[in-house]
Amino acid sequence: MNGVELCNVTKAYAGLTVMENINLEIADGDFLVLLGPSGCGKSTLLNMIAGLEPATGGAIHINGRDVTDLEPDERDIAMVFQSYALYPTMSVRKNIGFGLKMRGMPKDEIEQKVAEVGDLLQIGPLLDRKPSQLSGGQQQRVAIGRALVREPSVFLFDEPLSNLDAKLRADMRIELKRLHERLGRTIVYVTHDQIEAMTLATRVVVLDRGAVQQADTPENVYRRPANRFVASFVGAPTMNFIDGKLMQSGDDIVFDSGAGALPLVDVPVGARDLIGRSLTLGARPEHLLFDPAGIASRVLLAEPTGPDQYVRLAVAGSELTARIGPEQPFKSGTDARILIDGARMSLFEPQNGQAITLG
Amino acid sequence: MKKFSKVAVLAAFMSTGVSAGALHAQTAEVLHWWTSGSEQAALAEVRKAFEAKGGAWVDTPIAGGGNARAAAVNRMLGGDPASVFQFSIGQQLRELADQGLLANVDKIASEEHWDEKLPPLIVKAAKYDGEYIAAPINIHGENWMFFNKAGLEKAGVDVPKSWSEFMTAAKKLEDAGIIPIGLGGQPWQERIMFNSVLLGVGGRDFYAKLYSTLDDDLLASDTMGKVFETFAALKPFVDESSPGRNWNEATNMVIKGDAAFQFMGDWAKGEIIAAGVEPGSTVGCAFAPAIDTAYIMTVDAFAFSAMDGEEEATPAQAKMAQVMLEPDVQIAFNKKKGSIPARLDVPADSFDSCAQMAIKTLQDPKTHLVSTGLFGVPSSVSGAIDDSISNFWNSADMSPQEGQEQFRQAIANAK
Amino acid sequence: MQYNRLALYGLLGIAALMVLSPVFIMVSTSLKSMDEIRNGSIFTLPADPGFAAWGKAWFGDCAKTLGDKCGGLSSSFLTSVKIVIPALALSVGLGAITGYALAVWKMKGANLMFAALLVGMFIPPQVTLYPLIIMIRELGIFGSIGGLILVHVIWGIAFTTMMFRNFFKTVPQDLLKAARIDGAGFWRLFWHVMLPLSLPILGVAMILQFTYIWNDFLLGLTFGGRSGQPMTVALNNLVGSQFGEKEYNVDMAATMLTALPTLAVYLLSGRLFVRGIAAGAVKG
Amino acid sequence: MAEPAQGGLKPSQGGRRRWRPQWTARMALIPAMTITIVCFYGFIIWTFVISLTRSRLLPVYKFTGFDQYFRLFANERWWTAMQNLAIHGVLFIGGCMLFGYLLAILIDRGIKAEGLFRTVFMLPLSMSFIVTGVIWQWVMNPGLGLQEAVRALGWASFEFNWIVRPDRSIYTLAIAGIWQQVGLCMALFLAGLRNIDPNIWKATRVDGIPVWRVYLHVITPMLRTVFFTVFILMSAIVMKAFDLVVALTGGGPGFSSDLPARFVVDHILNRQELGLGAAGAFVLLCTVIAVISPYIHFELRKERGGRGH
């Protein structure tokens, strides 16, 4: 197949296995984001795809070719780094053309390709500058240009936007998305920023402690997290977790944390099978609803963010965060009543954190 | 150890094969440490004579005896020897001969009757296994005492004939504001002064016996004790700037009258002449005070590398040896060098008064003495002697008895 | 504040004076006549400055010598240049490559090898002269400029390798990765990326190595043979004679002349030197 | 990230395909490795072997066990030399650090004509140790140099005669050595000071900490690596110190300022004591290894700990 395929890839350092049997299929044209916290192994995985670090075991295929034992430059890939990694002693033009020169492309052809990429990324006027004379955003464009010019079948991005300020980051995100749509090439993108993952990816792979936690579309990763780790890592403010039991209360189903019963609305039918079992309930802040029918809670703190406000609540022995529009300001110390949108809640096994799929 | 020399020889052959073939058969490369003006002028006399006989001279000067000797040995070791090289005769040269690295010039020496014409002690030192391995070109004397006549007059003293007279004179000089002894405080200069005291106090027989036997009883004897006492008594007569001073700076102190005496070899005459003074005029020369007359000889000599492993001298080397001892060359060379001829049979009348005195003295074989190293003492011992004398001289709190004991032990340790 | 500044310049001035006064003595002595030196203080200015001693030091004094050479420094200046250029290029080049290989291309035992190599920086070359002579002899290059150059490379490599390795260790890993992906192998990564990056440290290594090699005496004396005697040996022949009369003005002029190339290098490269060190040697 | 910060370019496993750059890297190390093994360690071993023989002028392979070591350790001059090495090491390295750092601080205080001062202080670096020794021999000679000059100015009791005093001569080595090397140390420290984040200065200014305290308690600890580099470079010079002694004091008065390297060379080249010299050389080389192995240990441990960005 085209695209990238990892079969049972294992990585060990000095006998210590840090990654075991990773299996991933990245379809041709996918924008795959490897998402995870620091130390989860996402960069190691990317380096193994790039050939910068050898895999201890398993095989890596790119476009159907086994590249496990190939040097980076033989793998038909290009890579963009967080630190841009521009050659400080070369002009922008030389930076972009370096890979082509190493491949023995004739000078005039290099010149032409560099010019094309320069136009594409709107860095034409900067071509004769040195990297040190460029702003961060410009440097990042050059770094991308250096990858583009080679027209590889797979692009690898290693946290490319982390060093940019917020506004620039948002702009670059859009540009990257456009680039992907225009070129249709496979992209493997490493980040710890879930916004980037959500906005850019066609598929997200969440990694933790050297293992794949979930590989799915961004929507599914957000809506249907495979386990508590994914649920807590994706989404900001983070998901609320409450330990307790589902209980029947009249016609309704409530979630009893032991210190109080949280009312649920629109509970899926399957949930009734779980009544009485110990569970962890996960509810995203936007799924806490302010409703006079809800349980009484106390407002501890309200943080307006502009479009929203985050309201910290003490309820049923827990502290929960709710998200609501800015129209009605909350004041610390006042009371509010809330209930949980049962249709969108997640349920996890308390022992292993695995999500429970409701039938 | 013969194995080593074969390797050396082979290497020598390989590395010099081309150049040796290309060079004239009468070519000699001469490695020496005579780089100062008077030394060069003197050596030029040898060169002139050598070239007049059809030889070709390749000059390799390396200043400093230590440097030049090391370079000569290292080049032999490296297989690229200089065919003629200046060296001190003594134990070090014998070891080179022992390794088969030297050519002998015995043939020319017997033709020219060196045995009869050179002082016997020097004949002995220049031979290894009964064959001449070096050509001694001159004799320097080490027990000279140079003095500033005006300074002595000013203080009202005569040239001292004994060490006790010297002490009295030195005190008077000190009172007159003149530094009694201009000393260059380097180990070899301190040793020269020590040897003068040794000779002066112990006498020539004691001196010869001590250095030729290194006998422990002699080293521990009362005479030796007296030598150290006398030597120690000289300490206050030296100015504080002495340590590290070059000998010629000390000579200049005597020339200028800042200092009264210097115990130094006759090469100091070169410096005196360079300052525009005739040796024996305002700066006088005498032997250091002694109970009997003797001349401590030291010899400049040239040795010959075994070229291509040949222990017989090449024609060029033989020619060089012959030239060096020719009477005319001996005169011309030694007048410029400030030394006296190694051959005792050349006429003395054209030399300066100091040299004439030396030549006359040496007519009596009883006066013949040689410097420390020439008695066949290994250089480890002569080095230890230098160390020990210098350490004693420079340690204000060391008693003569301690100095004597340290001297004895240093020799025992180095033997 | 004003007093502080004054004290600052005062201290610097005193320090500069202390550093410069020996140099002043050399220069002023070289301009004096021998009579003036014999009778005067070394700190006084020359009464009647003249460059006679400099001429004598450079050209030698043909009247006094054996003839084929006049004993001046001029004859060996070119030899020194012939030694120093290849020795400098090789010792710095090899150090750069070794340092680069050790720092960038992680290999098993690279650290051990670096540690082992570092020892060479601390060995006094004079102490191991004999085995070196034997080795150079066995290689068949004793007594040639080639042999001497090799000796300089041997005793220079530990230092240059250390300089370059420590510098290359500070190069960001991403840059190396980028170059690998761009297709640069060992040599092309070195030539196109690392060497241009290392220019400041290259400058420092060159300056220091130049000083060491130019100022070397013993190795040149031992290994240079007849044709490869550097300027320092000629200098020694001028000033180092033990039993001849001394001409201090010529000594000092000769010393200054010998030191001129290195002096010029430092005068011209002061800023570069600090910048080079800032770029590499002190980053950790 | 899971990989150690000290990533580097790792070799790939196996080797089915074309020539790998990693192999070139190994090849590139061959010259340096050969030099290390043959010249550094081979020579050390050779020296040890010779130290077990009775070699005098030339190497001979007649073994006598550890005789030369007994002779060496019975030799007062050797112990003086070793003791001097310690004294000189402490004074020279300490002095270079102290004065180099002070000069760097003075220059870093934003002075005018910085380039001039910097160049002046680095000037002596261009001189060889021989030249340094010759000049300072003049300056420190009591009858010719500084002492005489100051006395001529009217301070009749001024004394600076260390070079002629056996109990002080070793200090003169440090003076001349520091004079020559202080510029390099200054340059190193200056570079270190220039690398310091200017915000540190702003922060301490805001906190109202006196400048000298900032240097003592804030900047100096930050320059640890520079101190370390200076230490290594200067200790290499101390271990190799030879030319300077020869030219400055000739080891004198007596052998009061002798150093081991000179002891060894003197015995090998001038005294027909190759065996004894080799024993001295071997002891010196062992000392060298003993002194620098903590450095190497530190250096490599530091890197294993990572220096991540």
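Per-chain residue numbering starts at 1, and chain names A, B, C and D are given in the order in which the chains are listed.
The working rule: contacts are C-beta pairs under 8 Å (C-beta built on N, C-alpha and C of every residue); 3 or more make two chains touch, one makes a residue touch a chain.
Just so we're clear, the structure is a prediction, and the values are computed from it rather than from any experiment.
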item	value
Graph distance between chain A and chain B, where chains that touch are linked	2
Shortest path length from chain A to chain C (each step joins two touching chains)	1
Reference chain C; chain at largest CA-centroid distance	A
Most extensive contact between chains (C-beta pair count)	C-D
Length of the line joining the C-alpha centres of chain B and chain D, rounded to whole Å	38
Inter-chain centre distance, chain C versus chain D - centres from mean C-alpha coordinates, in Å	16
Between chain A and chain D, centroid-to-centroid distance (C-alpha), Å	54
Per-residue overlap in chain D, given as positions that touch at least 2 other chains	7, 9-11, 21, 59, 144, 269, 309
Two or more partner chains touched - positions in chain A	47, 51-52, 71, 83
Two or more partner chains touched - positions in chain C	129-130, 134, 172, 177, 180, 239
Residue ranges of chain C touching chain D (in the complex, touch as defined)	8-9, 11-12, 15-16, 18-23, 25-26, 41-43, 94, 97-98, 100-102, 104-107, 111, 113-132, 134-135, 153-154, 157-159, 161, 169, 172-173, 176-177, 180, 185-187, 189, 211, 215, 217-218, 232, 239, 251, 255, 258-259, 262-263, 265-267, 270-271, 273-275, 277-278, 281-284
For the chain D and chain B complex, residues of the former touching the latter	56-61, 71, 74-77, 137, 141-144, 161, 163-166, 169, 248-250, 252-256, 266-267, 269-273, 276
Partner chain C, residues of chain A touching it in the complex	47, 50-52, 71-73, 77-79, 81-90, 98-99, 102-103, 146, 150, 158
Parts of chain B lying in touch with chain D, wherever the complex brings them together	1, 4, 66, 69-70, 73, 77, 91-92, 95-96, 99, 185-187, 239-245, 378-380, 383, 387, 390-396, 406, 413
Touching residues on chain B, where the partner in the complex is chain C	8, 11, 14-15, 29, 33-41, 43-44, 47, 57-65, 67, 70-71, 74-75, 77-80, 82, 246-249, 252, 256, 265, 267, 270-271, 274-275
